[in-house]
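Please go over the structures that come below.
Okay, so chain A shows up in both of these, paired with chain B first and chain C after.
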Partner chain A sequence: MELLGLVNYALFMAIFICIYALLALGLNIQWGFAGLFNAGIAGFFAVGAYTSAILTTAMDPDRIGGFDLHFIVGWIGAMLAAALVAWPIGKICLRFRSDYLAIASIGIAEIIRLVIKSEPALTNGARGIASIPRPAGDIGYMESQIAYLAIVLVVLIAAYILVERQFNAPWGRMMRAIRDNEGAAKAMGKDVEFRRLEAFIFGAALMGLGGALFAHFNRSITPEAIDPMVATFLVWIMLILGGSGNNRGAILGAAVVWIIWSVSEIATDRLPHEYAVQAKYIRLFLIGLMLQLVLRFRPEGLLPEPLRGDLRSTKPGADR
Partner chain B sequence: MKTKILALAAGLMTATALASVPAHADVKIGLLGGVSGPIAAMAPAMIDAAQLAVQQVNEQGGIGDGEKLVGVVGDSACNPQNGTDAATKAVNIEGVVGVVGPHCSGAVLAAAGSVTIPAGITMITPSGTSPEITNLEDNGTVYRTVPSDDYQGRALARTMKDRGYGKVAVAYLNNDYGTGLANAFKSEYVDELGGEITAFAAHEEGKASYRSNLAELAKGGADTLVIFDYGDGTGLTILRQALENGFFEKYVGGDGMKSDAVIKELGTENLTTFVSSSPVGEKSEALDIFNEAFKGVGGDPDAIFVTTSYDAAFLLALAIEKAGGDKAGVAAAVAEVSNGEGETILPGEWKKAKELIAAGTAIDYKGAAGDLNFDAKGDVPGTYALWEVGADGFEVVTEMK
Partner chain C sequence: MLELDELVMDFGGFRAVNGCSFRVEEGSVTGLIGPNGAGKTTLFNLIAGALQPTSGRIRFLGEDVTTLASHQLFHKGLVRTFQIPHEFHKLTALENLMMVPPSQPGESLFSNWFSWSKVKSAETEVERKAYETLEFLELSHVAHQRAGNLSGGQKKLLELGRTMMTDARLVLLDEPAAGVNRTLLRKLETKIEILNKERGYTFILIEHDMEMIEKLCDPVVCMAEGRVLIEGDFQTVRSNPQVLEAYLGETTGDAA
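Showing the complex of A and B:
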């Protein structure tokens, strides 16, 4: 029994890590490749989650839809919707320098959250949407977790391969050139604004997909899930800690941060009974401490950005 | 660094695995609550109340053959991410028989949907009031000791109509609690009873001033303001600013507004026109017993949701006893130990209950928060009263039907 429990817990953590890794990959496209400081991950996460929820749930007279479509349609819809929302935002905000973009994107995520909370006709308001179908959800507890993990793993690996290919392709080199020296890239004839918009939209689409995977896993989505703490800043910590600019780093960061976040609670539970409530704050402290240590001793992250980028390039530091 | 951190993570895991070798004499229940996060101020008292039930069970003979009941606290942080995480750990690592909590509806929906329903673990939430929980396909494993917001909103509307309230304005906190109550109130007051609501507006929490919101609300000419909010938070600010500026004559609050903070901050003399609805136990004997016991362990019995938390934990213990060590039978047993038929069990009467269960007699738990007779969907009908502010704090004006 004990072993089965551990396996179930590990499966659950693996699913969450995959979902967060998708968010971190999306952020890596925006920040790691293109240097866009997006502090509104929660907004795109929410758009994806709600779009997929609306597309795949059964008819509900109280809100829009319930279109009862296949979950794959929902997930593609989630990516499209997140990309669609990202387009005008990027169009307007990407003209800002990075710090202004951060402020604007926080505001936009907050707007999205408030719209979701305040428009019952669209999203069922603060009550959220329940009874979202979960792929392979009707089999036993462990089996359905294994099946869902397999699905999210496939999605994550596909996303990773695509993003990694882009990173090594001329497109990736160009993005890094724009990030590191905008003027030089412009002088080379690159359309900086359009390329930034591209990166912003691709990243947002991945975040939307992450949101959809999350909603289907929990079979519900409520505005409480769009808390910036767990949907924006945790992802940033994952990427910074894992190594921005490195896709494997993004995934590793997601794994390390989530494992520590989750497992540390079990460790703090070993404290005496009367500290049970206070002990919960230790993990917040742990995550903060970890970020401080990484920034102090290894600012480039656990797996730093490969300096040569494309392994085919011959000269070291060719794109710096 | 990488290896160090991985080593640390691995070390934590190993420590955990070693530490969680079960002591066989323990029966564990999960107490999941929003310890960190937006309801961090409310959660400790709720968890303490649940722990009181655990303590009473252990003092009076424990579960089954003298086994110790242990409440494992988990932090659901009022969001689905941490809610499912905490529930997964409780179910798989701690091996709990049932779960009390999580506290927030969003965490309840997610934890039930992805963990406890598939795993067949009983969940009793003391404060998840969202009507969405009613319709979960839960195979009868999800219960709650707090009524759905629907009940209270409708009951309050009927009572106000009976007492001759006319045009009202409604201000509600924009979360599942406030929205649920306000919508139920509106549909009963306007659609069923033909009352008039002149303004109906949500507000966000934590602002310093709500005067502009209040001015908007007052425009329609209503003399009564109905507030669905928390009396130790934003609701207090709204009530204070409305009183200071004389926006309305009369004020009505939902159960969240029945907080001692309101009286302490605003003073009895200023609250003569303020009434508030709140759940009461039909037999307040049960409530008195709980209040005494909770005071005895240093708790504040007037804190919000402590009665429902206590009841949830006590009910779960009764159900575990009734099911006799059969994990899968706990869910059905919850409804059996509190369905209005059988020998009455009051809060803290564990020994009596244990003997009756051993003898095979049907028992009926009457909780501190009400009789708790579950319907087919695991919901309880509320027993509400309207309270006014008197010399000694809140006093019952009338029962709400």
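Showing the complex of A and C:
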């Protein structure tokens, strides 16, 4: 493990943090601001990843496409596809109260995963889609990693700015009001059903984009990658740990949790071989443990929801 | 302005509102009284569109609004408050008011990205109005507190404040005085009177505080067991033996 190896590892980690930060931002729109308990992040992640893969790969007679389009088209397509999938799901499921929505969305994500796994014509079944072009992928290995990190970072910053603006605008205020008290928001003339659908679709589009960035980074996508453990629950911990209702918290949470998650893998790999395989499953326990600790000791997250509106001027003491 | 025609509301086998009819004239302050469980709040929920009646019709400003949802009624000028304050607890008091005005340009995702200056100028205007309202309600000092941290009485005032952030025609107040101390109560009465006289709001008021009813309301409608027992001015209603019976369960004694 020399310097080069370490740098490479850091780059790898940074790219993943950016991708997860996008997912956490998407979830923050849905949960942190609209109060929608979406436990089906993996589903939208998968739709985005596969859409972009199909749009950008070279022609393959065994399945639909590929269409060999530019990666930007693929990424926009991924967002649109995730949004389109979210629309009917939201239309049906957003009538449920939070915990029922969680159950419904978990189920839908599993349906999406199983369809992808067993459907050869569209997604190439269990073998997945390989040789997805990576932007700036044909230069040297290290340069390519750096270039990809730069691209992902730009996407993340753009998404952060766009989302943050919405939250400080009347749209965000309205969404938070709906989250805090649905009945009163209705009585104040807000079309709650429509607005929730809007937030659900907006969040899903970001999740789809996250999926696309992941697929292009890995250069391939298989059904194994859309395991709900890493694609849904890890994101939830990131958001809760970082602070739901706070976009910077979502990004910070993604960084902290991913570093713990990723370093724990190195730790388990160092164990003697006979334990190393079993120890991998201990990491799943780690997810639950982290969630419990955060909820017990800091339920509002590392960076709690800020007071918004016209209050950049007020002192922090004003909030309790 | 508002006509209720034979409204019936069933909850399973329980009939909460049972053929209730009355009219509310524009510019009036109508008091709605009656013992607990008379169906007053259910009636409010029906008028405000939070519940759909089992049968009967509601007409507002000459239009049949029986099947409209509460957010649609709001846009027609019908605003309500809640018996238990329904504040947006994580929003500041100021934001609680600022979210009210209908059709703000900043409520559209696209204008926030593409016509920010329009959003900002509308926002300045809404903010000014919200500060004015807070001033009127003497809540300026808590403008930047989370609404969930306000006292019960302040939350009540904030509820009233929300009705002032839009061009309301008819305001439904559900027990504005409950849990509010005497001094604040007198203040509240004055505010309601000012809103009625100066801004031309029509009010329907559910209240158990008879002093407040006497001071503000004409006519007074008394409900019992889901229907209108009697309506008229305060003295008529007060001295009616049926009202005494409904409140006290017997024909002697002093109502209120």
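Here, the second predicted complex is superposed on the first by the 283 of 320 C-alpha atoms of A that agree within 3 Å, B and C clash if a C-alpha of one lies under 4 Å from a C-alpha of the other, contacts with A are read in each partner's own complex, and residues count from 1 in each chain.
Please note the rule applied: a residue touches a chain if its C-beta (ideal position, glycine included) is under 8 Å from a C-beta of that chain, and two chains touch if they have at least 3 such contacts.
Model, not experiment: these values are computed from the prediction.
*Asks:* Once the shared chain is lined up, is A:Gly189 touching chain B (first), chain C (second), both, or neither of them?
*Replies:* It touches chain C, and chain B stays clear.
*Asks:* For A:Gly125, is the partner it touches chain B (first), chain C (second), both, or none of the two (neither)?
*Replies:* first
*Asks:* On chain A, which partner's contacts cover more residues, chain B's or chain C's?
*Replies:* When the residues of chain A touched by each partner are counted, B comes out ahead.
*Asks:* Output check: A:Asn181 vs chain B and chain C. Expected answer is one of first, second, both, neither. What do you get?
*Replies:* Touch partner of A:Asn181: chain C, not chain B.
*Asks:* Looking at A:Trp87, would you say it contacts chain B, chain C, both, or neither? Reply first, second, both or neither.
*Replies:* Neither chain B nor chain C is touched by A:Trp87.
*Asks:* Pick one for A:Tyr160: touches chain B only (first), chain C only (second), both, or neither.
*Replies:* After superposing on A, A:Tyr160 lies clear of both chain B and chain C.
*Asks:* In the overlay, answer first, second, both or neither for which of chain B and chain C A:Phe96 touches.
*Replies:* Neither partner.
*Asks:* Mind working out whether A:Phe233 is in touch with chain B, chain C, both or neither, as first, second, both or neither?
*Replies:* It touches nothing on chain B or chain C.
*Asks:* Using the touch rule from the top, collect the residues of chain A that touch chain B in their complex.
*Replies:* On the chain A side, the touching residues are 1-2, 4-6, 8-9, 12, 16, 114, 117-118, 120, 124-128, 130-132, 134, 137, 140-141, 144-145, 214, 217-225, 227, 229-231, 252, 256, 259-267, 269-270, 276-277, 280-281, 284, 290, 293-294, 297-298, 302-303.
*Asks:* Which positions of chain C touch chain A when the two form their complex?
*Replies:* Touch residues, chain C against chain A: 48, 50, 69-71, 74-75, 79-80, 82, 86-92, 94-96, 98-100, 102, 104-109, 112-113, 116, 119, 122-123, 126-127, 144-146, 149, 162, 166.
*Asks:* Hey, which residues of chain A end up touching chain C in the complex?
*Replies:* 162, 165-166, 169-171, 173-174, 176-177, 179-181, 183-192, 198, 202, 245, 305, 307-311, 314, 318-320
*Asks:* Along chain B, where are the residues that touch chain A in the complex?
*Replies:* Listed in rising order, the residues are 1-2, 5-6, 8-9, 12-13, 15-17, 19-22, 35-37, 43-44, 47, 72-75, 77-82, 84-86, 88-89, 91-93, 95, 104-107, 109-110, 113-115, 118-120, 130-133, 135-137, 174-176, 178-180, 183, 202, 204.
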